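Alright, structures below, take your time with them.
Both complexes shown next keep subunit A, but they swap its partner, so subunit B is in the first and subunit C is in the second.
Showing the complex of A and B:
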């Protein structure tokens, strides 16, 4: 029974990891860049939601506003900070996202302050018991919310014209320009979508008992990066499966291995990242690029 | 031949075009003209500026000078708008989307146009009928096609934008002679049956002069010689000096 309980708890956490992992994948697929600031962007979104609810706006409505503002903010940051460096070496852009990580964290510290604050719950309190396993409505709601977001996103990428454009830009920017896709605009929108996804991930996390504070997403980012490594940096399905796997693995490891708890749990993701990179560098769901000379 | 050329309405007019590629200036004032329904070939050695000229016409590199297409000044327009006007590039080395399926590649050809979903599907069906090999492989990833099939896909993708004129950059590059021949047959058919204008950049002078009405020879970023394709082909001194055969 303990095992089943841990599994359920792990899936709940995994849903959050999957959501941020998905944001990382979307950003990577549209710009070829791993945004190390993705977690901190999500923190700022959660802070905005907390401030809005504190001023009396209902939490779902606040989340909606935060999603829109995050989309605009993500797109704007891409336009102002990342776009001017697009022709520079890849490393320069990665350093910029690390710089953004530090900036976003500092902005959170200064504007919101270091004191953790709870956020109004999105879902009703309580829960139910199924053959001895406790399942809270929070957990059900968080998993369903991520599932909804992921389904919508998958349909967007696979069924719409803009989604096809994103896939084109991700794999062949030069050819995309030839057919008349505005590559720079796609990069911008990609960063916007990723930031909006991060907002949902950040706010969802507060429904699993985490308070809003400047470093709330730091462990999530680490596990999400591990999830993306498992799943493949360009695979949405991989991000989801990787996220859930990391949530379950973390929950089991921290509960069953004596002495491994709290931040030390992050060691688990390091082990997973190294193991995957050694065995299958493109990730389990990532495809090797097709190249024919 | 010159008389029909001169009396036909102009589709593309390039006037004193300069362009740079990265830090290097590649074009130093190129002027040329393509009439409605005409096949024009642009010959020249490697590095003469042929590819850059086509990219400049498509809005893919920084350029200055006059470019008029169908009466409109397109010298400052972004690539998406130039595609919408019906001037479409088939890039060197095919430039297909290797990770996407053949069918998705075709759909992307219509990306900047206002065509509806069903119009795009209809065009794509039409092109798969024209190139049956693309129809057979519609769900395969483009990177798995042979070089000749990818060239057909690149041409098919360009046709998806319902162009009035194609810019073809080295369509024979890296293809076996028999495949090259069938690519040129296709181009000839497109020209004859659809009245499509073509501006072809080629190193294979013999084949391209065979289907062209008019030819320009570019060297070091400048047009050196121009004239009806037949007279260029028949002028041995010119052939030796610029075309190397």
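Showing the complex of A and C:
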């Protein structure tokens, strides 16, 4: 029974890792780089939601505003900071996202302050019991919300013209430009979608008992990076599966291994990442890259 | 701007070499003179700058030569600091032995993390090292009995003998300065050696380098180990000059890694002056602004990092003011990379 309970709790956390992992994958597919600031962007979105809610706006409405603002913010950052470095060496691009990480973290500290604040719950309190397993409405709500967002995103990519354009740019940028797709605009859309996804992930996290504070997303970022490594940097389905796997693995490891609790769970993700990269560097759902020599 | 960030240029020759030697000598003379003219508070601050500069030199060995990036050097710094602290707290080993052991343990940690770096490169290596760096404070807190966890660990500081001509703060400064100069000399020798050229070839184009007989696995592990060892030595020296370490000390958290990287980017690739300049700016800028608010300092930090990356990717020591007003020569052809040809718009 304990095992089932841990499994349920793990899936709840995993849903959030999956959402942020998906954001990282969308970002990587659009501009080919891993955005280390993705977690901090999500923190800023959660802070915005908290500030809006505190000023009397209902929490769902605040979340909506935060998603829209995050989309615009992500697209703007891509336009101003990331675009000029797209043809630079890898090192410069990674450093740019680390610079963004510092900036976002500092902005959060200055505007919001270091004091953790709770956010109004999105879902009703309480829960139900299923054959001895305690399941809270928060958990059900969080998982359903991520599922809804992921489904909507899948439909956007597979059923709309803009989504088709985005996939075209991700696969063949030069050819896309030839047929008239605005490659740069698609890059901006990618970063915007990633930031909006992060907003949902950040706010969802507060429903699992985490307060809004400057470094709330750092462990989530670590586990999401592990999820992306498991799934492959370019695979959306891989990110989702990887996220859920990491949520379950973390919950089991921190509950069953004595001495391993709290942030030490991150050590688990270190082991997982190194193991996956050594055995199957492209991830489980990723395609192997063929390089032209 | 037109200079590639990973330059294959061999040793500088003629006027430039003499100029560089003169600048280096002036800097070394200034470094030796500094503690004689400042009050103890400032000398302690400069000692900290030297410690950071040493850590950045370690990182520079990895990033500057092979073009690989590590976001986990704060963990190697922490391995060095805690090894020295724990050894000195629990045994009666003399300080030099503890420092040597700390460096060796850091090197061992580097070799272990360096092993996967044979197959894990670029973004993946950044992820692995980021997670390694982010989980180090948790690792420290797991062994609270030994390390003191968040409560911290007191370490005996360097203290001069009765008849020693320098005060305690000056002695600490000179010990760290010695380490910095010795490491700089070693890196310089490596840079001029066959191994140094092999390393740079590896960073520029691995396939070509291997084709010409470069033993890539041996060099990769070697450079990672040496890089970690230097940063661990910096951590050990931090422990014996600062006298206190805890899992909240910013140098052993992920913020430490970010500070080292920022200093590296600001300073550029020059072996001695780059890390010194970068460490000085990275340390003094927040200290000056931090009187108002430490958060503001971090914001300025991030903005400076991004602006330097956008405008002067070679760092401050990579700037060549004499070329700014000349007409630009032909752009160098891009280095062939192993990235798939579809990435990046080519139209």
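Going forward, the second predicted complex is superposed on the first by the 288 of 293 C-alpha atoms of A that agree within 3 Å, B and C clash if a C-alpha of one lies under 4 Å from a C-alpha of the other, contacts with A are read in each partner's own complex, and residues count from 1 in each chain.
The working rule: contacts are C-beta pairs under 8 Å (C-beta built on N, C-alpha and C of every residue); 3 or more make two chains touch, one makes a residue touch a chain.
All values derive from a computational prediction rather than experimental measurement.
Trainee: Identify which of subunit B and subunit C touches the larger number of residues of subunit A.
Mentor: When the residues of subunit A touched by each partner are counted, C comes out ahead.
Trainee: Check whether A:125 is in contact with subunit B, with subunit C, with both or with neither, and answer first, second, both or neither.
Mentor: Neither subunit B nor subunit C is touched by A:125.
Trainee: State whether A:182 touches subunit B only (first), subunit C only (second), both chains, or neither.
Mentor: First partner only.
Trainee: Once the structures are superposed on A, label A:277 by its partner contacts, choosing first (subunit B), second (subunit C), both or neither.
Mentor: Second partner only.
Trainee: Is A:103 contacted by the first partner subunit B, the second partner subunit C, both or neither?
Mentor: second
Trainee: Look at A:1 in the shared chain and tell me whether it touches subunit B only, subunit C only, both, or neither; answer first, second, both or neither.
Mentor: Neither: A:1 stays clear of subunit B and subunit C.
Trainee: If we overlay the two complexes on their shared chain A, which of subunit B and subunit C does A:167 touch? Say first, second, both or neither.
Mentor: Once the two structures are laid over each other on A, A:167 reaches subunit B alone.
Trainee: Using the superposition on chain A as set up above, list the residues of subunit A that contact both subunit B and subunit C.
Mentor: On subunit A, the residues that contact subunit B in one structure and subunit C in the other are 171-172, 174, 177-178, 289-292.
Trainee: Of all residues in subunit A, which touch subunit B in the complex?
Mentor: Interface residues on the subunit A side: 161, 164-165, 167-168, 171-172, 174-182, 287, 289-292.
Trainee: For the complex, give me every residue of subunit C touching subunit A.
Mentor: My answer: residues 5-6, 63, 67, 69, 71, 116, 119-120, 122-124, 126-128, 130-132, 134-135, 137-139, 141-142, 207, 254, 258, 261-262, 265, 293, 295-296, 298-299, 301-303, 305-306, 309-310, 313, 334, 338-347.
Trainee: Applying the document's contact rule, which stretches of subunit A touch subunit C when the two form their complex?
Mentor: Residues of subunit A touching subunit C: 32-34, 36, 81, 84-92, 94-96, 98-103, 105-107, 109-110, 171-174, 177-178, 183, 218, 222, 225-226, 229, 233, 259-260, 262-267, 269-270, 273-274, 277-278, 281, 289-293.
Trainee: For the complex, give me every residue of subunit B touching subunit A.
Mentor: Checking each residue of subunit B against subunit A gives 58, 60, 78-84, 89, 91, 95-100, 104, 107-109, 111-112, 117, 141-145, 157, 161.
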